[in-house]
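Note that chain A is present in both complexes that follow, paired respectively with chain B and with chain C.
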Partner chain A sequence: MADAVFLALTVITIGSAIAALELRSLIYGSIALMGTLGGIAGFFFLLDSPFVALFQLAVYVGSIAVLILFTVMLVRRELIFKNIEDRRRKFAGLALMLVTMVALGAVFLDSGIKTITTDEPAAEFRDIGMSFVTYYWPALILMALILAGSVTGSLVLAKREDVENDQRTS
Partner chain B sequence: MSVIAPKFKLSEFVKSLLDNIFWVLLLMTIVGIPAVQIALFYIEMPVIHGELLTPFLALTWLADPTRLLPVIHALMATDFFRIAAFPGFGFAALLAAGTIFIERKMLAKLQLRVGPFYCGKIEGILQLMGDGLKLISKEIIIPAKADKPLFWAAPVLFVGAAAAFVALIPVAPGWVVADVDMGLLAVFAVIGFFPIITILSAWSANSKFPFIGGIRALFQMVSFEIPLILSLLGVVIVTGTLNLSEISASQSFFPWIVFLPVGAIVFFITMLAELERIPFDLPEAESEIVAGWLTEFSGMMYGLVQLGTYLKLYAFAALFVVLFLGGWNGPMVVPPFPEELLVGVEMGPVKVGPFPGLPLFDQAMLNGTFWFVIKTVGVIFFILLPRGVFPRIRIDMLLSLGWTKLIGLAFVNIFIALGLLYAGVLGPGGLQ
Partner chain C sequence: MTNELVDFTLVSVALLGIGIYGLAVKRNFIRMLFAVEIIINAANLNIVAFGRYLSHAAGESLALFSIAIAAAEVGVGLSLIIVAYRMYQNVDIADFRSLKG
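For the complex of A and B:
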């Protein structure tokens, strides 16, 4: 059962990733990108970590993909595709992809990932949270600072002073 | 005299009914019964208690309540019943349909109008059924230059996402379709799908007004998702769980709105914005952009989007109840079942009962559902109320409200929750 689901998810993820790159329609390309991100969320579900999977869905499919869709809809397509790709660029891209994948695969296989046993119970998010507030507290503080900084920055960006009180009567 | 159907004649209406009955009986006699008998030649019926199960025997058993009631009881324990009928789609759609009618009638009363009046004898009570029939029988018109696959898929996806949201809501103890450990996170994930579906349907219509409405909806939903998520973190901090059933059960003594009123207010305002309701109904601003992103939908596609919208409204109101108003908790008002029903009664030589399969629902479930529905209807009333009172606000006011004020208030709420925990008011040693 898990193998069949894994295979189906792999096909969906890789297939929609290729579709996201190759489709001429930008909107359908970004929908295919959503398929890829959702497939990755499915992998997290298979790995018994629904916490990460739901965050993947909420953040990547729910926000990042919306951002990409929004950008694509507001930009005129002719401005992006000025140069038409030729055959040489295509083959160079394929060769680059193959080299990268082989190199990454070699690194993964060499790292001893085959000897890991998978009998251990899945890490629970409560334990992760506990270790974040005890041993790894500097990382937590750092993340909190970055998040607070980004939220403050977005608030500053969203606050526009220039059109203040122009249209109000009072 | 009514002018709705001026050529209506009762005799012709009765004649048409009788005609239909005649044709049904005729076709059943000539085609139906022989078809069933031919089919029975080829189907092997099972043998139960040494008796061959014939259709006649099956119908006899179904007419016997002592055999039928356990079947119904077993049916109610299945997942199908939960998804389709009680805590899932059917229950929510019933409440949503009621909401549509109440909204129209209440809005009319607020504005000194009459509202739906003619359809049905009493206060236009059949108006909803008439609207549904009209929507089903209308032609679906697709714009010529629309992106057809996306345009067809959008209403279905919208209803699907709303139904997924409904499936996460616990209605009574143990009565929830999907009791997920990370229920609240799943809610956030499902909410994230609505802006995508909205903007895709708006784009695929290839028309001016839907696109403007879709862009507005995207702005509004994405910017109000952040205060929505932040305002619910306070409840997660004080309960220490993300499971909606556990959050609901943790409020048996007091609802969290007592301790976290700021979070409840922020959540209510963001809820209005996520539902695109007045005063935040910019995506559907009918006086500016026809009907916003719904402009090009016609017939049952529009009906599906409306159904999804009201399912979403029910789900948000129910989420407010579960998180802040105590969910199914409330004083026990359902009387206990009579003893004779459970153990049976002896009348001289005749002993009746106990009836297998009775009672169909236990007392706690009935009581929980009662309080849940009362509270949800109250919250829905408060969601509908601003529509009769407030004007629509400008989009820059909406965005500045979301990004500056509500996010700040949501952080205040989080600090209140942390303060309550660290001061020992809640948590171990405190009230709970």
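For the complex of A and C:
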């Protein structure tokens, strides 16, 4: 049975996930998204994975949420508060959500994972670091290249060509 | 451990449902990115939970890789939002029609 910390984290995570999608202002929505990401980090702490939890806090709450917040601030003011959706689509989306939740939940509750319990100690971060530099080193290098490529790609995409042309002519 | 694997899995299913709802209903590009983030986090939670209960360090390693790749994805997605906003002065995906046949 789940304990009180788990239930509190569940309420925070799911509540702020709904708030992130449904709050009228995109700025408050992105702050609510920070709540969801932080709640997931709390779940990682509960799962005895403090390394992943701190990574999640540093990468998601620390950088991605702030990046999203700054992008929202670049958008025009009336678009931040404008809510664009049709009613029929909303009901269809709600039905899709319920079908997904009920179907997957029924599958999980019916399967054998209810009997899985563990008493073994959690994996230490030394093991994770060791496996990163021994077994997973090609994946690590590939990930570094992907990150470098995506940062370069997003810089190239967001570059303003008109400003550069102005500077060239003057 | 007092919490069971199925609890974490059910939270992850709920987050996945919310993310699918947002992706299907919202027409705002930034909100759709929020929904994608929620789905990715549900997946990460599942990965770490299964790795913990099956007593394997690979779950945490995979979650770390997944978080890093998601960071790259968000960076590219946000710059696409900026480009699209500059072209159309809007974030409604119904307006982004230059690729429509």
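Operating definition for what follows: the second predicted complex is superposed on the first by the 118 of 170 C-alpha atoms of A that agree within 3 Å, B and C clash if a C-alpha of one lies under 4 Å from a C-alpha of the other, contacts with A are read in each partner's own complex, and residues count from 1 in each chain.
FYI, a residue touches a chain if its C-beta (ideal position, glycine included) is under 8 Å from a C-beta of that chain, and two chains touch if they have at least 3 such contacts.
Values in this document were obtained by computation on a predicted structure and should not be read as measured data.
Asker: Which holds for A:A139: it touches chain B only (first), chain C only (second), both, or neither?
Answerer: In the superposition, A:A139 touches chain C alone.
Asker: Between chain B (first) and chain C (second), which does A:M73 come into contact with in this model arrangement: first, second, both, or neither?
Answerer: First partner only.
Asker: For A:G62, select first, second, both or neither according to whether it touches chain B, chain C, the two together, or no partner.
Answerer: Touch status of A:G62: first partner only.
Asker: With the two structures laid over each other on chain A, which partner does A:F108 touch: chain B (first), chain C (second), both, or neither?
Answerer: Touch status of A:F108: second partner only.
Asker: Does chain B (first) or chain C (second) touch A:L33, or do both, or does neither?
Answerer: The answer is second: A:L33 touches chain C but not chain B.
Asker: So, A:F51: does it touch chain B (first), chain C (second), both, or neither?
Answerer: Both partners, chain B and chain C.
Asker: Would you mind checking which one, chain B or chain C, touches more residues on chain A?
Answerer: C
Asker: Which residues of chain A are in contact with chain B in one complex and with chain C in the other?
Answerer: 51, 55, 63, 151, 154-155, 158, 160
Asker: Using the touch definition up top, name the residues of chain B that touch chain A in the complex.
Answerer: Its residues touching chain A are 147, 150, 180-182, 185-186, 188-189, 191-193, 195-196, 199-200, 203, 211, 215, 218, 222, 225, 394, 396, 399-400, 403-404, 407.
Asker: Applying the document's contact rule, which stretches of chain A touch chain B when the two form their complex?
Answerer: 27, 31, 34, 50-51, 54-55, 57-58, 61-63, 65-66, 69-70, 73, 151, 154-155, 158-160, 163, 167
Asker: Using the touch definition up top, name the residues of chain A that touch chain C in the complex.
Answerer: Spelled out, the residues of chain A in touch with chain C are 1-3, 6, 10, 13-14, 17-18, 20-21, 26, 29-30, 33, 36-37, 40, 43-44, 46-49, 51-52, 55-56, 59-60, 63-64, 67-68, 71-72, 74-76, 79, 82, 84-85, 89-90, 92-94, 96-98, 100-101, 104-105, 108-109, 113-114, 116-118, 120, 122-123, 127-128, 131-132, 136, 139, 143, 146-147, 150-151, 153-155, 157-158, 160.
Asker: Along chain C, where are the residues that touch chain A in the complex?
Answerer: Where chain C meets chain A, its residues are 1-11, 13-22, 24-28, 30-31, 33-35, 37-38, 41, 44-45, 48-49, 51-61, 63-65, 67-76, 78-83, 85-86, 89-92, 94.
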